[in-house]
Amino acid sequence: MRELTYNEAALEAIAEEMRRDPKIFYMSTDALPPLLKEFGEQRVKATPITEAAFTGIGIGAAGCGFRPIVDWRQVTFCFVAMDQIVNQAAKIHYMFGGQVTFPMLFRASVGGGGLVAAQHSQSPYSMFMNVAGLKMFLPSTPYDMKGLIKTAIRDNNPVISFESSRLMGRRGPVPDEDYTIPLGQADVKREGSDVTVVALAWLVHEALAAAEELAKEGISVEIVDPRTLVPLDKDTIRSSVRKTGRLVIADEAGPTAGFSAEVAAVVTEDAATFARLKAPVKRVCALQVPIPYSPVLENAVFPDRNRIIAGIREVLDAKQPAAA
Amino acid sequence: MRELTYNEAALEAIAEEMRRDPKIFYMSTDALPPLLKEFGEQRVKATPITEAAFTGIGIGAAGCGFRPIVDWRQVTFCFVAMDQIVNQAAKIHYMFGGQVTFPMLFRASVGGGGLVAAQHSQSPYSMFMNVAGLKMFLPSTPYDMKGLIKTAIRDNNPVISFESSRLMGRRGPVPDEDYTIPLGQADVKREGSDVTVVALAWLVHEALAAAEELAKEGISVEIVDPRTLVPLDKDTIRSSVRKTGRLVIADEAGPTAGFSAEVAAVVTEDAATFARLKAPVKRVCALQVPIPYSPVLENAVFPDRNRIIAGIREVLDAKQPAAA
Amino acid sequence: MALSTNLSPDKQREMLRQMLTIRRFEERASADYLAGKIYGVVHCYIGEEAVAVGVCTALGGNDRIISTHRGHGHCIAKGADLNRMMAELYGRQTGYCKGKGGSMHIADFGIGMLGANGIVAGGISIVTGAGLAAQMEGKGGVAVSFFGDGASNAGPFHECLNIAAAWKLPMIYVCENNMYAAQTAAAQTHALPDVAARAAGYGIPGIVVDGNDVFAVHQAASGAVDRARSGGGPTLIECKTYRWRAHTERKGQPDPRDQAEVEAWKRKDPIALLERQLRDQGELDDPGLRAIEGGVMSALEAAVAFAEASPFPLPEQATDDVFAA
Amino acid sequence: MALSTNLSPDKQREMLRQMLTIRRFEERASADYLAGKIYGVVHCYIGEEAVAVGVCTALGGNDRIISTHRGHGHCIAKGADLNRMMAELYGRQTGYCKGKGGSMHIADFGIGMLGANGIVAGGISIVTGAGLAAQMEGKGGVAVSFFGDGASNAGPFHECLNIAAAWKLPMIYVCENNMYAAQTAAAQTHALPDVAARAAGYGIPGIVVDGNDVFAVHQAASGAVDRARSGGGPTLIECKTYRWRAHTERKGQPDPRDQAEVEAWKRKDPIALLERQLRDQGELDDPGLRAIEGGVMSALEAAVAFAEASPFPLPEQATDDVFAA
């Protein structure tokens, strides 16, 4: 199968959908050259640096029958548009009693690794997960990216595409044919029996590397990639943990009230899963600090394959809960 | 002891601190009459409706040696200021290598009960918990309110005072003397042995009512009020759960990636606590929906004493985890 | 003050009917709010009726508007159904938002009313999106943003006026300058008394009109509509007006405004002005007025009856419509 | 073009030295970035040096400024230490931010430089807070916001100009109009070519100056400083200028601008203009210029040496300074 980068897969999905549906248009502070070239200025708009305004403009256009793609570029730039996201986009369908739909795709790159310091290295998806009324995903491969973006564009709700900065140039197989991946469907990226690692984006790859390493010692790691954050595929996560009895969550974001906390809760509040849990859950996350610039510091903050290995060992070594 | 309302306790704390320290000034879209009367327009400023701007103005003034109090009023209005909160206030001390301090108090009322629909009934504190660099609290009593606000005003960092709309008029004893309550110290609002309920704000009172009710059946409920959300008093929460073996988390916010998820994670990732956990954790939260207007619907969304009772019964009835 | 217009007498009487409908609707909403039948928060538009009606009379059925927290007047002027409005205030299943929105969130996309909004300046960008949609549709539609003097200080005002001007969107920005944002006087928060002065910075017309003169408002709006439809881009219209009641309906809430100021503005009642004008023209007499009043009151009573007869939502409907299919 | 000023020749030579320092510093930063010694992202100010130097020369030691993502020039003009700047770019413990900030976040509160900022328009409100602080301190201090043409379309620009005007804050808003926001031409995103036209909407002076003429910039800034110090409130100064390099330093990044346009602006080099002026006055000759260049280069070499000799932070320092004591 031909290979595309993660970023190319996103653009290909968007271009294909734009060809299919003339109601789709694109807004961002700089027009993306390949889209601009193919679709022209009417459908690929370069906006002033006004994420608040053009997010709101997207909402209004969506309510009038268009299907806007609002590209915030780096997630950090969407904080100026937070009112439009939290108070408007997320609530407008519900608040107005469902009278019209607001189909929109938001795009935002997340994560660190670029040594661009605190403002430009954020992974705040759990802030959006907490807001009822938004769907969102964070793919780990070009294949997943293309399939999820297509689904999101066809969805009749605001959907956020979080895209890992670290993975932009990473290549992977993408079929030629049209395909979609449903929102809310996790993918087991590796099967195993001793421990479940729920990992996102770049950390899926780090977890795969960790699993490879541990396989040499006979440790069998299952890797669940939720892909979609909302709706979250609780069933796949829980059934993996019911099988392995152990859970490590690997996330490039900080732990506090993060995606990782949600997964810990989803697993430990489910009676059948909790009953099989043999060890405390383990979060392998960024340190809970703003992201620093210097490479030594940035390295110290982010989790990686080694910390995943250490986390796995920790849950494997943990004592069983004392039968009370 | 004399009694004050929750709201009066906040204002008294602020007025006392403003008397003590001339560097403190207050900004909000309407000047609060009692503060305006005592301190005048120079120190109690009515701003244009520009939460983004006056939050940023607060940051700048703080960096120049002042101690601003920035009152967003309802938390929903601070989403327009999210860039200043997330990208500036939270990171500026760290990002600049700690060269100066940014002492600020932010105020925001949260929660439902007022039948004011989706935008005006939010409890998004976990979104802020996820951001490294912000401290925050959410008191349940006038006493806690006064002590925490005073501490926060004297703290050299941005601190958010989340204040429960439902509790504004609720009275409670407040001593005449100056006192403070440290950030990061939970308060056990009721001791018990069968189950721990970690509850916030209004739900502390609902949990107390639930505990009263269940005491009649001989069920002994311990109620932990974290008061501070960041830093979270993990020790008190964990040691309570180690004692009771069961955990219910009661929060007026929705569950997803919420405060409740964080507490679930904090408890289940700690080996010693996990080892004593006899039942799945239980989140008693708002439904994960925007908050609707009509009383029937609003009621259906929010947790209350009855749902806490049901949650407690659920964890009491739960089977012990099968010894594997 | 003599109002001038070339609108037909029928049209003028229809405007009077709409303005009266807004006033009576809100008088009733206020009473029912204080009686506990309407919940949450209610912001009354009374005193400002000429703005909504003057502007909306200049619009066609395919044009779109957006409103603010003070939304009843815009709904009624754009032709919203009183039954569904009142049912929404009463929190019933039959309301515009199925009881999920209440006063601050009434919308009717079917008639081009894109919603009230609880966030000051929150609607400005959304309706600018409707302006973009109209431009992309290419059918000559226009979009109108109503907002207050308070909102004119907020970022979205600036961002959107610039975008609309740069993209020549068919937009009309209508600032309802009632001189206060909640308890705070505009004089304290605005560098200049005229919001319209800001238009020049974007190279678009900025017009100040007497917001209590429904014909003046209508005329300014008509000019702006023509300009927008013909590709001339946006216009900023500032309507000087005043709200008669407190910022929100609330028992015992003090109104910090000077009572003499309030009284002076009440003497400039936009409804009385229009009524007098119609009488002076010989186009309205006592029976005629009574007929209009009667029609308004019976529509209102019908709306209340509809609301009261409508069922509350079911608890399980709380989870409907979080996401669209 | 003849520049005119009444600044002393010493002062003029000092301005030349500062402008040269900015240019040579960034040439080095760019080279070291491409060599992998500096990380993340670097935005160069080359071509715009007259703005920072013209404005900062009009300021006193207690005055405060804030910068943008393109911050080196403002730092240097306000008197920042090259060693600590370069060490920060190199990610070292001895840098201004202890290696936590990098190019986009250099600050030195000690000299009234309130920081570069990675968010477009992010600094405008913060420095307006410094203006408020100056007003409350009552010692005649002023505060200056530097920002780009792109930033002038963002909400905080509007919100803060209005507040500063309404509160008569001692503020100077300096728009560096280099005609582009990243890859997008201002002509596409601005309704009008002059950002300064927006000042009238707030009742404050809006001045357009040739941003490559350091004396013109200085003169406009001096007037604004006087006005601010004497309680006259804010001024908006728009400096027309141009960046020579791409938006960021990056290998193989295409520059979408017309090369003829770039070349034309290079012929208006603000440093060459100032140099020629000093020569024409008889205040600079070859040895004089060599001396200035030599001083600049040795300070720069010293800064690089300092940075290279400085230790990287320790991993455990990643958790320092999240909160102040």
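List of remarks:
We just call them A, B, C and D in the order they show up, numbering each chain from 1.
Everything that follows uses one rule, which is that contacts are C-beta pairs under 8 Å (C-beta built on N, C-alpha and C of every residue); 3 or more make two chains touch, one makes a residue touch a chain.
What you see is a predicted model, and the numbers here were worked out from it, not measured in a lab.
When every chain is reduced to the mean of its CA atoms, the largest separation from chain B belongs to D.
Chain pair with the highest count of contacting C-beta pairs: A-B. If you average the Cα atoms of chain A and of chain D, the two centres end up 37 Å apart. Distance between chain C and chain D, defined via averaged C-alpha coordinates, is recorded as 45 Å.
Each chain gets one centre point, the mean of its Cα atoms, and the points for chain A and chain C are 41 Å apart. Separation between the centroids of chain A and chain B, computed from CA atoms only, is 28 Å.
Taken residue by residue, chain C touches two or more other chains at 97, 99-101, 105, 117-119, 153-156, 159, 162-163, 166, 188-190, 322, whereas all remaining positions touch fewer. Counting partners per residue, chain B has 47-48, 50, 52-53, 76, 79-80, 83, 87, 94-95, 117-119, 132-133, 288-290, 292 as the residues that reach two or more other chains. Chain D makes touch with chain B in their complex at residues 64, 66, 95-101, 105, 107-110, 114-115, 117-119, 122, 124-134, 136-137, 143, 155-156, 159-160, 162-163, 166, 320-325.
Across the complex, chain D is touched by residues 25, 42, 47-48, 50, 52-66, 68, 83-84, 87-88, 92-102, 132-133, 135, 156-157 of chain B. Against chain C, the residues of chain D that register as touching in their complex are 153-159, 161-163, 165-166, 188-192, 197-204. Chain A meets chain D in the complex at residues 29-31, 46-50, 52-53, 76-77, 79-80, 114-120, 287-290, 292-297, 299-301.
For chain C in complex with chain B, the residues that touch the partner chain are 39-41, 91-92, 97, 99-102, 104-105, 117-121, 150-151, 153-155, 181-184, 188-190, 312-319, 322.
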